[in-house]
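In the two complexes below, chain A is the common chain; its partner is chain B in one and chain C in the other.
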Partner chain A sequence: MALTTPGEIAANAAKRKARPTPRVELSELRRKNDVAGTVFKGLLLGGIFVTFLILIVLLVQVVRDGSNVLTGRLGDFLSSGLGSSPEISGIAQALRGTFYVTLITALVAFPLGIASALYLEEYAPKSRLTNFINLNIRNLAGVPSVVYGILGLTIFVNGWGIRSITGGRTPIAAGLTLAALVLPIVIITATEALRGVPRALREAGYGVGATKSEVIKDHVLPYAAPGILTGTLLSIARAAGEAAPLILIGATTGFLSDIPGWGDVTQAREPFTALPIIIASWARQPQEGFKVDNAAAAIVVLVVFVLLVNAAAIFMRNRFERKRAGL
Partner chain B sequence: MTRSNSTNKLVALLAALTMVAAACGGGDSEGSEGSTSGSTSGVNVSGSSTVEPIAIRVAEDFKTVDGDVKTQVSGPGTGDGFKLFCEGGTDISNASRTIKDSEAENCKENGINYVELKVAVDGIAVMTNPANTAVECLSFADLYALVGPESAGFETWAAGNEIAADAGGDAGLPDAPLVISAPGTESGTYDSFVEIVLEGIAEERGEEPDARIDYSSAADDNVIIETLATNDTSFGWVGFAFAVENADRVKLIDVKDADGNCVTPTPETIASNEYPIARDLFIYVNTGSAANNEGLVAFVDHFMDFGLDTAVAEAGYVPLTDEAKAATRAAWTGR
Partner chain C sequence: MTTSVEVSDLRGSPARHRKEARVAFVFRSAALVSILISVLIVGSLAVEALAFVVDVDWSKVWGEDAIGWFPRRNVFGILTLVSATLIVTAIAMVVALPLGLAAAIYLSEYASPRVRKILKPALEILAGIPSVVLGFFALRFLAPQVVGRVFADAAPANLAAAGIGVGILAIPLVASISEDGLGAVPDSLREASAGLGARKLTTTTRVVLPAALSGLIAAFIVAVSRAIGETMVVFIAGGAADSALQNFNPIEPGLTMTAAMASVASGTDNVAGEGPAFQSLFFVGILLFAVTLILNVLANKVVNKYRQEY
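Let's look at the complex of A and B:
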């Protein structure tokens, strides 16, 4: 194969895309009375309809329940802390807690996950041991989150020596626990993205005399970046909504006197609470104001938070894809 | 050219993030000793979710009095609270029952000394669906016949009539399906119900003092209310304050006292001990922490004034009588 630059590969791919697909002609050849086909199509459509309906019902219900708070006192709700009555309680501490926990999760899971994936995919010999490790990572991705909570409680909260770093029941301990939870997923998605890098791209790199690490750094990683980023950010957004591990870590459910500033990083080693915890705690209160209005409003905020992280994932993927195409 | 630029940016970003992480981790290690055993300046309250609203109200008001002391309140449950408390993890443990021997033993082994302070009274409401007009008043014998250890497998109220009659009850239970939803064994409310209602009769009859094992238990009181509100002939129990909040959805059943009079649960009948299923609510304070934590002392002082006088009532519980308040305050000052 002649030397091909990545730009040309992308251009070729674009050319291939531009060619008219033969699907139009095929559909004209379709048999007229394909009953089974129509039924099958209907079933598929029904599937997406049910999925969509569940989502709509959930969102409508939550937004309706939370509308009093969201329209009546949104600023107050976002800026005040936990309290004794629903009218004065807010999610200031929960927002900060969720932000710091998610940040720490990303800071730990992102580099560790990508490094592991790179090693497994690019350097590890194709041996039984490698297969065994790969298999285990896939199994770990299916372990229930509450199990990671127990792991976090044992190691990051109570672990001898580690406790002096995490400070006990803090966002650091929670972030490390959630990082352990998402690591297998990050590794798997990053591995898949690396596998998607065309062989020709690597060969081109080696062809001009680049070393292995240069090929990885300058060709493989940039090409795989959109896939890696999307997968990673999606799994981290998922982690932001986890309640079970945080309950075991010991996030505060009732009251916290302190509302630290957003930039105050020392709160990463202080008692904390988080949005999923507050939602669960409010939902079991007897007062309507807590279990309906406040809980629903907090759910809306959590959904918006997760959507923002997802939007960031999509934005960054598009950016990297444009760069990859050489635009 | 563009490619290697973007990679460099990515690498730089990762490096920057890693450094921030390192700074977060190492920057404030001098403050670490505090949170390992209770706290030296802050106040860490955990334990019963029933008592939690009182503690939250006190902590909230305490913030306006002394804003420098950091407080935190959680409510995982009485049992979980004592576990933490006796490991030195918390300064105050809320409890909807007194400490068990095994828990006290655990505290002793870890060198945790404490003072027990009674802060409020809470009734336990036995409830059914508003549609269940056949049931207005139950005796302890009836309650034992419905949920006692011998009743496992009973699917109607009437199935309990034989046991109820045998134990000295009226045996007028209706022939209707019996759906039971109540707190699980981890709850202080479960322990109190068993101790007050079931234990006496169970001992007389040579049975273990436990509820039947085949009822649907729930850690969330809202789930219990929901089950009762959606089943016409259901039965269950929760704390009185919780039941009152849902008085439009469930019916509170009167309970017969020792003289056979039906007593309706109200704040007055609970405070006067006329209503027979009432339990005391407590806080346990780590006296070792109190000795070198002025913030904790100030917090409990506030609990003794504002808490007993105002917060208890605001949280929906029955305040102590004046003598009982005096006794609690004396126990705190004499710790």
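Let's look at the complex of A and C:
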């Protein structure tokens, strides 16, 4: 092969320069009118718009229906008990009932759920039994809430020997029922939070001679705490809004004799009512005062509570996600 | 002189071992509680349901004499409940699938991180609204303002309004499961499609959606299961107090399986009772449990299948 002289190289370069390069404008590569694409995106946005429109209409409707009670006699509404006419009825007992039921649900479901998640994530061997437990939890999460009501009615209300502990149709029985209902959700969210804990953290713990339970207590749980807390908060909101299981176990909708104090723990073993139960019962009454004004006002109270808990959970998750991302 | 270390020296104190074993035992027991709950659910349903199956006059459950659901008159036309349940579920799916899917596709394929940050929590708010609230909304707004406007002769409370209400409840569920499915499609597929010159629409509809199909099917199945099991919306807005005639018309009142259970149980003295009316609660309950369980198992199977593909 002939060696190219410096002169030839220079000549070649000059020739290349002289040849015009084909120019492609960016605009030519762009699709001119992507009508179908625009329509599709418009449809998606339209769907989202409709969803949020529904949400807004719902909230407006409820607030408007409840405005008479909320502006006219809010204090009275919050401090009165169930009554025979709408103007004197209130949600005092329902608030206490919901408070105690949710409290008992949390006290039972959280430790049990977190302990289950710890077993499944940290201890469980890869075995048939473990697979079965996992599968069972996922299936329990899909069981309709009325069916949990049947469980509550048969076991916690009428169960042989259990009735003497729960006292029958009481907040304790309701709390246990709802604890069974939210347990799978608590386990699943806690398991996910535990899965997010880096292996290195555990290995560092073992490396300095900590035992499994020490690693869990000092490293795994603190790291997973925000995730676990978010999940458990959401399940509390869910439990507070559940009505179907409480109807099944026979929460009172008609009349309760008195309004116990907030701190009176004996009401946990007395007949009770709860906010969602009262809403359902009022909404089915023929009188406008019950079915519109009172039901809507009670809904506003319930929704405010549920949304506050949800907002707290979402806020916490976002905060910790940002913190983690910054690490 | 060398110090010899025996293996036993490295094993820590027996007290520490005992503590470890105790902790493991406690956690393990907690995990077994969920199995106990399943056993108790099936047990509490089965005993009384079996009594119903044995005692009941079957001509009043299925056939010409089963003209509706009248538990207090010992007529238990199960077809009445099943048809109402199917009507509500079908209407709910017509509402929830397009809206939920639109939200999922937009969030997964189109939304910028900033838009996502606003849309996601808003959907979570909708997901957090208790079902009694949707029941009230269906009765107060959907029945008169939506169904009543379209069908002038619709009953003031009807299955269609309840169905739309259940559908609204299911939107966030469909959206979140579908979005998981879409998110599981690897980006390399999207990039390959874009690299071949496909526009976004083509990539989304021809590549991403088919690849996520099993996730979308799972979302559909779970939503159906949820709609079948939803109680309060139908109990409040379905229009039937505690009994119903056989009815296939969505703009008339009706009683779903769940609403029938709530009706039998509501009213303070009914729950304690015995006899077929009380036992029918468990019979319907076990049917409901079986149907939703089958659907959930199916959804899990479908989801696991697509997990293995990628």
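The rule is short, and it goes like this: the second predicted complex is superposed on the first by the 261 of 327 C-alpha atoms of A that agree within 3 Å, B and C clash if a C-alpha of one lies under 4 Å from a C-alpha of the other, contacts with A are read in each partner's own complex, and residues count from 1 in each chain.
One rule holds for everything that comes next: a residue touches a chain if its C-beta (ideal position, glycine included) is under 8 Å from a C-beta of that chain, and two chains touch if they have at least 3 such contacts.
Bear in mind the structure is a predicted one, so any value in this text is a computation, not a measurement.
Novice: Looking at the superposed three-chain arrangement on chain A, would you call chain B and chain C a clash or a fit?
Specialist: When both complexes are placed onto chain A, chain B and chain C end up clashing with one another.
Novice: Could you tell me if A:Ala283 is touching chain B, chain C, both of them or neither one (first, second, both, neither)?
Specialist: A:Ala283 contacts both chain B and chain C.
Novice: Look at A:Gly250 in the shared chain and tell me whether it touches chain B only, chain C only, both, or neither; answer first, second, both or neither.
Specialist: Both: A:Gly250 reaches chain B and chain C.
Novice: A:Leu55 in the overlay: touching chain B, chain C, both, or neither? Say first, second, both or neither.
Specialist: Touch status of A:Leu55: second partner only.
Novice: Contact-wise, after the overlay, does A:Tyr206 reach chain B, chain C, both or neither (first, second, both, neither)?
Specialist: A:Tyr206: touches no partner chain.
Novice: Once chain A of both complexes is superposed, is A:Arg163 in touch with chain B (first), chain C (second), both, or neither?
Specialist: First partner only, chain B.
Novice: Go through the superposed model and pick first if A:Trp262 touches only chain B, second if only chain C, both, or neither.
Specialist: Neither partner.
Novice: Looking only at chain A, is it chain B or chain C that touches more of its residues?
Specialist: Of chain B and chain C, more residues of chain A lie in contact with C.
Novice: For A:Leu118, is the partner it touches chain B (first), chain C (second), both, or none of the two (neither)?
Specialist: second
Novice: Determine, for the stretches 23-31, 41-49, 203-211 or 239-247 of chain C, which one clashes with chain B when the structures are superposed.
Specialist: 239-247
Novice: Which residues form the common part of the chain A surface touched by chain B and by chain C?
Specialist: Shared contact residues on chain A: 111, 250, 252-254, 281, 283-284.
Novice: Could you pull out which chain A residues touch chain B in their complex?
Specialist: Answer in residue numbers: 6, 82-84, 104, 106-108, 110-111, 163-165, 167-170, 172, 217-219, 221-222, 225, 250, 252-258, 265-266, 268-271, 281, 283-287, 291, 320, 323, 326.
Novice: Spell out the residues on chain B that touch chain A in their complex, using ranges where they run on.
Specialist: Contact set of chain B toward chain A: 2-4, 6-7, 10-11, 14, 17-18, 20-21, 23-25, 27-29, 31-32, 35-36, 42, 44-45, 49, 52-53, 55-57, 59-60, 62-63, 67, 69-76, 219-222, 241-242, 245-246, 314-316.
Novice: Which stretch or stretches of chain C touch chain A in the complex?
Specialist: 12, 16, 19-20, 23-24, 26-28, 30-35, 37-38, 40-41, 43-45, 47-48, 98-99, 101-103, 105-106, 110, 119, 121-126, 128-137, 139-141, 168, 171, 199-201, 204-205, 222, 225-226, 228-232, 235-236, 241, 258, 261-262, 265-266, 268, 271-272, 281-282, 285, 288-289, 292-293, 295-297, 299-300
Novice: Which positions of chain A touch chain C when the two form their complex?
Specialist: 31, 34, 36-37, 40-41, 43-48, 50-52, 54-55, 57-58, 61-62, 65, 111-112, 115-116, 118-120, 122-124, 132-133, 135-140, 142-151, 153-155, 180, 183-184, 187, 211-213, 234, 237-238, 240-244, 247-250, 252-254, 276, 279-281, 283-284, 292, 295-296, 299, 302-303, 306-307, 310, 314
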